[in-house]
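Each chain carries a letter (A, B, C and D) given by its place in the written order, and its residues are counted from 1.
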């Protein structure tokens, strides 16, 4: 059984690499996380034998995982909605200055260039 | 100090009633320790997510700078080491001491390969001037990317700070694991373990699998997406 | 409510302040009522059931489960009322009306700088017109500070690399205290300021006056207090965090590194703009670097002022 | 008290081995607890003296005894010592270590060597933190907000590492206790028969294990920020200083429950014992500890209402903040009801318990006021907050700890302290404490900001009252230290069960306890506060304080010793 699990883990690793090479738009990140979570579940369940272990240890693990989620989601509740009241700006001053400079640069470049979007820093 | 009463196994501490109780306690203790490790890493995952949500395009661009092939090999190596640990435990449960020792040595080998590859990755980055945070000063050519294009991207240094801190702490855990495995190999040679008593291996195994799990998440987050 | 407010709260000068105060006193009186209940029963029981017979064991008894339920339900209801109320006032407090008069605020270690839309820049003393909403757009040049106007019941942190804002409306002229409430270093407690609320016409006159030229020594004397040089430097010869200004001009200055120099105009300019360059003997390198942004006129003014202190 | 005291048993944990080495290398949970007692008392003493210096400086506006830089470092060090070196280990590591295994009927904690290691890790951490003072200035308060903390001297490197290391000690202690509670209970000791002290230490341990690692990584990141400029928190490098505050409070809000939950446990045991009555609503009180532990993780943002965090998160954090008041209220009400129809014995420990109910309630209610969004905007970072947290930490935890110390002192040392002195000191502490901190509420809500070295003349009267109060408080505390030390040499020999309590440490082991706690694992047949089921203690006119320890220890220990 350990061998089967190991095989699945290898397979999932390949799968995640392959899927990340494809452009799935918004789905790339969730898919990668889904695969990683599956792999983690396999390791926890079989290599660490939590599936056959005392229930209290599963509880311990679940509580640990739960609080990671709490930490993450409550922090995002701030950072993802920063500036929802007008008393705080969304972006930093650095970003605003950079955006302004980019805008200025495009205007200086003449009317034709003004419509072109700022090029993304790098491509896949 | 009270000695274990006659008929009790030598590893049983006097304040425990039975071997089972002692083993269960040790294992629960280890699981608790593991969740503290998870929460320790969670800080880094939160930092990663926050900056990624703010600047997704920067993080995508940055992850292109990491070599997914090296990361992928390291993933496989680490998974392999997890397997050998689990398999080694199965061996000792069946009384096969030699099998245990072989598997532990294989684990150590995998860990060494992992660290070797990490060394290659780190030194390559340092040469290209990729340092954490404020020291970020990219120069020259790195794996076919002209680093000059990356010099002024806002928040790119943050990605590498997170990269170095995460993989750094992870690598530190691998090193600690290697130390403990070496000690276990020595003890196995001495014949300290038997199907009745292999708690230290079981616990170190749990630790090692956790280190593997962290990497399972780090790999896609840093190298792929 | 007199000039000094109530026992618990200072004068309620802004339009939002009475709303905050009403909520404050609502929660306050509920808490007082609960507290009296708790302490009342506590004393009553402690006296009534005081141990007289040392071998007496009270029989088993079960107080009504109603108490358990009540002690959950009643606080929950109260708490929900307070929550809704508190959050409504909070949103109102931070959502500035669109027609607000905007002033830029920059926080530096350790003073406030205000910039009006006509380019006038003044330190530490802010003038605002009464009877209309004012919005302060704030940012910091160094560490986090916090802008606090107790009489207006508003406060917000002032962050580096991000703009935050507060707004208020004050309907009566007067002078109000400004505090910095986020720890920001040595002179955090001296990072005070004054807000002067005045009728629109008076305010406009003041704003116009700011551009009128003042003789440099006079300007320097004003800046000396406004920029908080006074927190560290005395003008009467006494020792503060930094050396006194009295008799400074023209004197021989010994430095920590053993060298020395004569305090001429260039030296003073350098000492203000780049305080870390030369550290005067027996003083800590505590002078903030933030004064490097002083304008040439302000510098001339300060130097001229120091010259007068012989 | 009329019952004769049992002669102290020939061999107990204090005298079974006598060398210093035997102390320093001991794995006995009782000895480790006592070593912690000495260590945290020193930390409290040091922190308290710094507090008195703070108060003296504030006795008048302007410079009184020190300059602004010295002041800023003094209050920072005061807070760091009090929080990390004193209050967090205080009850769990001292009384938890000493009492918890015995209350469980266990011979030791699950991992005794780890327990000793935790103690040394704590010491090392404290020493590292203190070197910060020597190598560079550390100011800015115990919250270490970036970017201020990374812009001052190198002391910050040491203090963060010190906190990091002390955190490990706290994690390991919590881990040890959780496993001990799960795996080491005596036969018959079901979850519903656990003393409430055990329940609360258990809940505390959960928080310690889950929250402390995050302060670890936070301190590490701050360390790297200072050392390498990694730009996660430093806005000059594009980092977000508010993110630091999330990291810090994700630990430090739950940490306030690490401070208060053990105090709740002590109070529960005291209320039960000194009312000789079941603690009312046992299950509510027990489970509310766990509820508070969990809810405590969801409210950290209430420290950041004016920091620039999003309004949505402020609103959510505010709502959950109030919810914590509810399980806490359940406890307070049940404690008061425990006296109802009981037999209330107003000995020194009970005086502290009653004092706790008063001061903690004030602290709690003002906490609720701070949780109200619109009110907190006005009160944030003023002395109102300072008063709030001293009411819950000093008036909550420390008062409870003093109660527990007086309660278990006879068990720990085998000696009784002077009761009259105890009552006088309790009164001084109560008066001094309220005089110190109540005026701070008023000046705070009138606008006096915290962390101020200097202040406007309008606040002078409040500051003066506060300073006077702190001296009275100091006198009370020094008096306690004095008579407790005197009792070690001159105190009356303590009876086995001076208070007539029912938990195992009083009924089933000697005073001071046997090195192995029990010779035979006790079998538990009743709840921790079932006084009506304990005829062996109270029948025949006994007041429970007699020598009738468990039959087996009394009858068998001499022959086995």
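As a convention for this text, a residue touches a chain if its C-beta (ideal position, glycine included) is under 8 Å from a C-beta of that chain, and two chains touch if they have at least 3 such contacts.
All of these numbers come straight from a predicted model, not from anything done at the bench.
S.K.: Identify the chain pair with more contacting C-beta pairs: B-D or A-D.
M.R.: Looking at contacts between chains, B-D has the larger number.
S.K.: What whole-Å value do you get for the distance between chain B and chain D if each is reduced to the mean of its CA atoms?
M.R.: 36
S.K.: So, what's the distance in Å between the C-alpha centres of chain D and chain A?
M.R.: 40
S.K.: Could you please state the distance in Å, as a whole number, between where the Cα atoms of chain A are centred and where those of chain B are centred?
M.R.: Roughly 20 Å, centre to centre.
S.K.: Using Cα averages as centroids, what's the distance between chain C and chain D in whole Å?
M.R.: Inter-chain centre distance comes to 34 Å.
S.K.: Mark out which residues of chain C touch at least two other chains, giving numbers and ranges.
M.R.: Residues 91, 94, 156, 161-162, 164.
S.K.: Out of chain D, which residues touch more than one other chain, so two or more?
M.R.: 182, 210, 214, 235, 238, 240, 242-243, 246, 308, 311
S.K.: Would you pick out the residues of chain B that each touch at least 2 other chains?
M.R.: Residue numbers touching two or more other chains: 24, 28, 32, 35, 39, 42-43, 46, 50, 154.
S.K.: How do the chains pair up in terms of touching? List each pair.
M.R.: Pairs satisfying the touch definition: A-B, A-C, A-D, B-D, C-D.
S.K.: Can you list the residues on chain D that touch chain C in the complex?
M.R.: Contact set of chain D toward chain C: 1-2, 67-69, 72, 139-141, 145, 147-148, 151-152, 235-236, 238, 241-242, 275-278, 280-281, 284, 305-308, 311, 314-315, 318-319, 322-323, 325-326, 329-330, 332-334, 336-337, 339-346, 354, 357-358, 361-362, 365-366, 368-369, 372-375, 377-378, 380-382, 442, 445-447, 449-456, 531-532, 534, 538, 540-544.
S.K.: Looking at the complex, which residues from chain D come into contact with chain B?
M.R.: 106-108, 110-112, 114, 171, 175-176, 178-180, 182-184, 209-214, 216-218, 220-221, 224-225, 228-232, 234, 237-240, 243, 246-247, 516, 521
S.K.: Would you tell me which residues of chain D are touching chain A in their complex?
M.R.: Chain D reaches chain A through residues 182, 206, 210, 214, 235, 238, 240, 242-243, 246, 250, 297-298, 300-301, 304, 308-313, 316-317.
S.K.: Would you mind writing out the residues of chain C in touch with chain D in their complex?
M.R.: Those in contact with chain D are residues 5, 7-10, 19-20, 23-24, 27-28, 31, 34-35, 38-39, 41-42, 45-46, 49-51, 53-61, 63, 67-68, 71-72, 75-76, 79-80, 82-83, 85-91, 93-94, 142-144, 146, 148, 150-151, 153-157, 159-162, 164, 177, 179-190, 241, 284, 286.
S.K.: Within their complex, state which residues of chain A touch chain B.
M.R.: Residues in contact with chain B: 2-3, 5-6, 9-10, 13, 16-17, 20, 28-29, 32-33, 35-36, 39-40, 43-44, 46-48, 53-54, 56-57, 60-61, 63-65, 67-68, 71-72, 75-76, 79-80, 94-95, 98, 120-122, 124.
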